[in-house]
Amino acid sequence: MSFLFENSYYIAAVGLILIGLYIMAAKKNLIKVIIGLSFFETGINVLLIAAGYIRGGSAPIFSHPDMQAGKMVDPTPQALVLTAIVIGVAVLALALSLAVRLYEHHGTLNLRKIRELKW
Amino acid sequence: MVATVAQCVLLPVLGIVIGLFFLGLYRKIMARLHWRYGPPLIQPVIDILRLFFQGGMSHGAVFDFGLVLSLAGAMAIILFIPFAQWCPLQGSGGMLVILYLMLLMPLGTALSGGEAANPNASIGISRKLILALGYEVPLLLILLSVMSYYSTISIVDIVRGQQASVWALFSWPLALPGIAYILILPAVLGVRPFDTTTAPQEISSGPLVEYGGKYLAFEHIIHALSLFLGISLFVNLFLGGAANPIVFFVKILVVFVACVCINAVFPRLRIEQAVSYLWKWPTAIAFLGLVVVSLVK
Amino acid sequence: MDRNKIGKWLKQPAKMANKYSLNAVYFCTGCGIIEIPPVITARWDAERFGIIPVATPRQGNLFMITGYVSLKTLRAIIRTYEQMPDPKYTVGFGSCPINGGMYWDSYNTIKHLDRYIPVDGWIAGCMPRPEAVFIGVTHLWTLIEKDMANGYLRYREHYDQYRGNQEKLLGKLDWPPLYATGIAQKEIAA
Amino acid sequence: MVNPVLLLAVPLGLAFLTPLLAFISDRIARYVPVAGMLFNCVVSVSLIPSVLNRPIIVQTGGFAPPFGINLVAGPLGITLAAVIALVGLAVSVYGLAYVKEGATVKYHVLYLLLLTGATGVVLTGDIFNLFVFYEILCISSYALVAYSGDKNGVEAAVKYLIQGSIGSGLALIGIAILYGVFGTLNMADIARNIGSTGILNTTLFIALAFMVAGFGVEAAVFPLNAWLPDAHSSAPAPISAILSGIAIKVGIYVVVRIVFTVFGAPSMFMLLVVIGVVTLLIGEMSAFSQNNIKRMLAYSSVGQVGLIVFALGMATTGGISGGLFQIISHALAKSLLFLATGYMIYRSGSMEISSLQGMGKRMPLTCCAFTIGAFSLVGLPPFAGFPGKFMIVRAAIAQQQHLFTFLIALVLFGTIIEACYFFRIVQAAYFTGPREEPDAGKQRREEAPLFALAPMLGLLVFIIALGVYPEPVIRLLDSCAAELLNRFDYIKGVLG
Amino acid sequence: MQIILLTSFGGAFATYLLAKISSRLRDVCAVIVSGLLVVFVALLYNKTPAATLIPSFVGAPLTVRLNMLSWFFAIAIVVVGFLSIVFSFSYIKGKERADFYYLMMLLVNAGMIGIVLSADLLTFYIFWEIMSWGAFLLISYNRGPALRAGMKYIVMSVIGSVVMLAGILSLYAVYETFVFSELAGRIASASPAYSLACASMLCIAFAIKNAVVPLHTWLPDAHSEAPAPFSAVLSGILIKMGTYGLILVLYLFVGVKLFISPTYVWRGFRFVLLVLASITILVPSFIAVMQNDAKKVLAWSSIAQAGYIILGITFGTTLGFAAGMFHFLNHATFKALLFFGIGAVEYRTKTRDLNSLGGLLKRMPITFIAVLVGTCGLIGIPLTNGFVSKWLLYKTLILEGSPFLAFIALIGTWGTILYGYKLLHHVFLGQLPEKYKNVRKAPASMQFVLIILSLAVVVLGILPGIPLKLINTIAVSMGMDSMNINIFGIASETGALNTVNILSVLAAAGIVVWIILKASKKSTRISQEDNYAAGAAIPAERYSYTVDFYNPLYRMIRRYLRDIFDEFYYWIAGRVQAFSDMVRRLYVGDVGCYAMYILLFLSALILSQVWWRVW
């Protein structure tokens, strides 16, 4: 139980990632796949944050002279996650706009039916 | 030197004379086997004479050239095959040269007949070449067994080797090729039952169809020479040649008469029949002979 | 038979050779050919006299017209005759080539062979026996001896006439004239 | 001495400058990528001699390497940057003629971003920074694949995007794990921490696996390359050229850099070799019976990737420099092929090989370029493909192992198949179609425009030059191989 | 040396560039280039220069050198190359893409010169490849069926190349050098199995080029579909590069002492080569008999003749080597002559279908004589060069106790006679069809080439001592015994050859017969229409028996002479194609599936490590 509690961030992250991957691999609808992609990226972000998180740590800002660096959470993952979120948004936006174009061309978003390019 | 030149001049003439004699003999024997009286022995000579006095018809330069090539080739080979002790050109290539010079006869006739542009000639040539292929298979095996048995490519050495011991036909491993040679001898000579090439009744005498006058005369001479050559090759290879011309003449005469007597009773074979015959027993025996010879060596 | 007289051979080799080497063109024109096999086979054996059938006109010098000659056959006969090398001898065999014989009123056979090709001798009969053939041959020898078997020369001499007759009967011939024809035709016109 | 940062800063700056310039004049904007790539080309080539001595480490913001983000301009990075710039230059010149309609300004922006990303990936020394540049490269290429907006383009772009995102996501997971374990993002630092044990514990291996699988998507090794034939065949010609010529090479670079330098995992080399051979065979075989010429070229790229990965996986100096040489020659030849094909398709209106009939007459120079590119890919001397292939085979045989003998047999089999289909196209271009009278031929000529022809001929010259006298490049690549093989030198070079 | 290579390669491109100015200039330039090459190579007779082209290519220098062996090959290459260029003048005039044609002709020529000049395997390989793809472009030149032929050629050629590459690099892996002279010394010391493997790989590559039987299938198509002048080069010279390679392998790398030594490995190797060579002689000879395309006949004949060369060379005795080398030279002359001759016929009649040709003798007499001489050489009629080399071959085979090989070679000669005569008969003899009544003589440039080569065939046949002396030098330099050569042949106790005797006898007999022929009664000249046809007139269209010429023979042997290897290779190609089609079904087009691929790869990687610790 304590394992679950102590690693809850990681479990959540992995769970999100797996859900995202499942959706991407199994779902037919492109929009759902894009949502899965979003899940996936969120999961990764959580994972990154979790990697730098210290239970009970404070924000990594020297707002108080007594604060020790050891008690702070690692700031780098947060910076990374910021970047990753930006990237994720860009990908998402591009994916959605492509989805619109795809629908224009094919009249469907069912990925099982959009199989003109094969072999 | 003088002797060599004299032989060079004499031997072709001798070959032609003997060959024409054989032709006459052939007709005579055939007639006698048919219960006929038959023509005189010199009938071939009369025919040739008549043909020389008849105007021939030429189809062009190659028509002439082919015949000249053929006859010249036939005359040249005589100088490479020992006639008894005479063999003026023994050191010029041996058996292999004989083998290749023998090509000149059919090739020349074929060229000439081809130029004549008669389909009968074409069929005849085609048959001639196929038949030649047919008998060359056993013949080459035979020649190779003899050559490898004596380890030489010189026919004079082969003759010498036999004169030192026994005739090849009666010595152990070489008896096999000898028998094979006897079996194919009529095909080599182009006499019955292997005269499909010039079958007059089927293809109007094949390559000779357009020959008249002197051309036909030449063709007769070539035929005569090929009879002489085929038999003297056999005598040299398997009957030990001869020490003097008389014995040699007797030997080739005996072989010829035997050959004609045996084969005159056969009807003419179709070309496939001829080839399949040649590729069966004679080839098998010759092949066995070559195997045995190479094992013995 | 003077075949063994060496003196004659030396004197007139061409004539002697022509006499004793008569090679007959093996051309079955009509029913008379039925008599040829006995002639050349064991019973009468024409080869004794050097007479053998040959396969093509190029090789022969004796042309036997054995029996009636239809128009179609005539065409082939003329062609074959022209293809034989000189000297060549023609023998009409049986009565049909001579005067039409039993086909004298047929619309399709010719009555007189010698209008179309020169004939050196005739062997009458319907059909002539093999013995008659030999008699004919001995007569031919005599003719050759006396230079009277000169049909081939006549043919050349009167080629225009022969050709004219041939063309009159057969229409246009498929082959070009054997000899030049122009001059003689002018003479005829004159 | 030029700062390598300029290699990134200038194209990036120009990329954002382009839309501004476009306000003034579209014409000027068109020339921006050319200028940028020309600059990169000159700078990277001029840097080569100096980096051969020791790598240039650029610190950003004054932080020393383990802490700050740094650029490592080693021989390998600069060489690849030069190749990127060179191919980029050729393709951008080609683009002047080819890209005429649609959102041309956006095309140029994205194009510059793509190249910036590619250059950044090969130059950076920081693993997250690498990821960022990698994403720049990927996103701009997704967009560019769909640039023409037609049916196939969009479909390919969507598929590419989905797979690419999974890939980069997986890579990011790997980075996260690494960071979780070591708390650092500097590649040299990570490498130092991993040490040289040679055997990885499970956590590290999982990180490695994630990264290989993630970056492998862009590198297009076998099970991860399904996007490639679609994207390469549906993109506009210059984009196909740049994707085939550069993007996948960058992917390979990342995989190799991680396996060799960061992890130093010799046990993974064999994996690379096996994957390489499988990729090669599958790529070549899939290309074998294609009727669509661009798809065939795309599959051929898969095959070549296999060959390169195979060569690099051998982890000997000969193998790596052979593989790198193959990277260069393939970048040149394949982009040449795509460029040439672009106009051939443009003129004939169809991607079917059968529609290339008589192209040799209609566009002789383009066809000649295509032929030489194809010959180079097949590995015929005296073209650039030959030394590369030669070195790879030599390295493989020099291993003197039965396994490698078997693998090299497979590789050569792949080469044979490749030769088959390339020669088929060459025949189709030159020797089919209506036979023409020599006089009539001149009227029907429809050669590609000068701006399209010039880069093709430029690449052609490089291909022949490399094929005839490859020695300087090989010497350069030998030191690149040394950089990959001696990770401690790299660590020492970066961390001091 | 460099000048030669520079002339050959530079000349090729210069010709191409000049062609853009004027076609006349192009022709002149091509002739000058190829002529200069002849002069340069001839000047280098008996010299042994060496040079380095590029000091370092991929870690090894590219070097060239000349010795007697390569000079022997080089002179054949440049002469045939020169003649083929001259022949091309009229042949290629007015055809499309003539500039390209000249470029490729000269390039292939240059490639071949490079091959024989190269001093190390790397250089050899590079020039080899240049030659190979140049030839590919030329074979495909005629379009139509030529495409298939070209494809077949290049696929087999590429297979050969990769095998050769593997062989070369296997050698390199052990001996660390590409240079011939260094390799020569060391191979004998290596383990027999390894050197055998290397030698076999190289031999396979060379055998493909030389069309040894199981690897011959590209040749019949390629030779018959290529443009005629190039067919001549292809058959006369290009496939003999394989022979050159074999000589290098067997006589230089392996060394003749080791090669004919009775060790188990090498004896087996030699045995296999000999058997292959004899099959190469036997089967193609008879397949050639059955062809109805003039160039196909010649193509199959090329395979068979190459068999003689290989047989001679692999037999390993001095006489055998001399036979092989001399037959190479002869084959270059007479086969080029035949291809040129048939090319001239094709040029005039626009067909090479044997069944529709005929009677051209009266229209193209020079060509006929040339083809006749060529055929005689091919068959090996005495007084042509083919006879001498075959004589040498048979002699050594018989005397060294291999009568069966000799038998096969001799039977092959009979096949040669059959198709040789068929070629002559169907093209030149027989009735002249109506549609060729107005065929003109071959153009002067073609006749020039034909006459030169005919003379070469005859002169080499009468004076075989000239090339034999050269070959003797080469043989001695390879470490073999010397032969006793004189200008008219060879003298030895076991059987001498004297061509002058044969010549004088034949000439005398011929003259005598000729005089008799002319002196006797004059014959009348008649036309071909005046022909015995059972009394009928000749039908105007045709009266010639050419279709199914050897029909009885075909019926007997046809079923044994299927080209099973060709069928087998097509079967393999079909299988590979089907398998490739299966492979590409992996890319199903469904992106979910692709995502699964990625995940499966990842999980396989991780699981294999977690469970088995593979990596």
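Which chain is which? They are A, B, C, D and E, in the order written, and residues in each are numbered from 1.
We take it that a contact is a pair of C-beta atoms (placed from the backbone, for glycine too) under 8 Å apart; a residue touches a chain by one contact, two chains touch by 3 or more.
All values derive from a computational prediction rather than experimental measurement.
Note on connectivity: the fewest steps through touching chains from chain A to chain E is 1.
Ranked by separation of Cα centres from chain E, the top chain is A. Across the structure, the highest number of inter-chain C-beta contacts is found for B-E. When chain centres are set by their Cα atoms, the one at the greatest distance from chain B is A. Averaging C-alpha coordinates per chain places the centre of chain A 117 Å away from that of chain C.
Chain B and chain C have centres, each the mean of its CA atoms, that are 36 Å apart. Centre to centre, using the average C-alpha position, chain A and chain B are separated by 99 Å.
Contact of a single residue of chain B with at least two other chains is seen at positions 52-57, 204, 209-210, 213.
Annotation for chain E: residues 530, 532, 534, 584, 587, 591, 595, 599 touch two or more other chains.
Multi-chain contact residues of chain A, defined as those touching 2 or more other chains: 21, 24, 33, 116-117, 119. Touching chain pairs in this entry, ordered by label, are A-D, A-E, B-C, B-E, C-E, D-E.
Residues of chain D touching chain A in their complex: 128, 132, 135, 139, 142-143, 146, 149-152, 154-159, 161-162, 165-166, 168-169, 172-173, 176-177, 179-180, 183, 185, 229-230, 233-234, 286.
The residues of chain E lying in touch with chain A in their complex are 584-585, 587-592, 595-596, 599.
For chain E in complex with chain D, the residues that touch the partner chain are 54-59, 94-98, 125-126, 129-130, 132-133, 136-137, 140-141, 143, 146-147, 150-151, 154-155, 158-159, 162-163, 165-166, 169-170, 172-173, 576-577, 579-581, 583-584, 586-587, 591, 593-595, 597-602, 605-606, 609-610, 614-615. Within the complex formed with chain B, the residues of chain E that make contact are 359, 361-362, 368, 372, 379-382, 387, 390-391, 394-395, 398-399, 401, 403-404, 406-407, 410-411, 414-415, 417-418, 421, 424-425, 428-432, 489, 494-499, 501-502, 505-506, 508-510, 512-514, 517, 520-526, 528, 530-534, 543-546, 549-553, 555-556.
Only residues 8, 12, 52-60, 62, 64, 67-69, 71-73, 75-76, 79, 89, 91-94, 96-97, 99-101, 103-104, 107, 110-111, 114-120, 122-123, 125-127, 129-130, 132-133, 136-137, 140-141, 144-145, 147-148, 151-154, 204, 209-210, 213-215, 218, 271-272, 275-276, 290, 293-294, 297 of chain B touch chain E when the two sit together in their complex.
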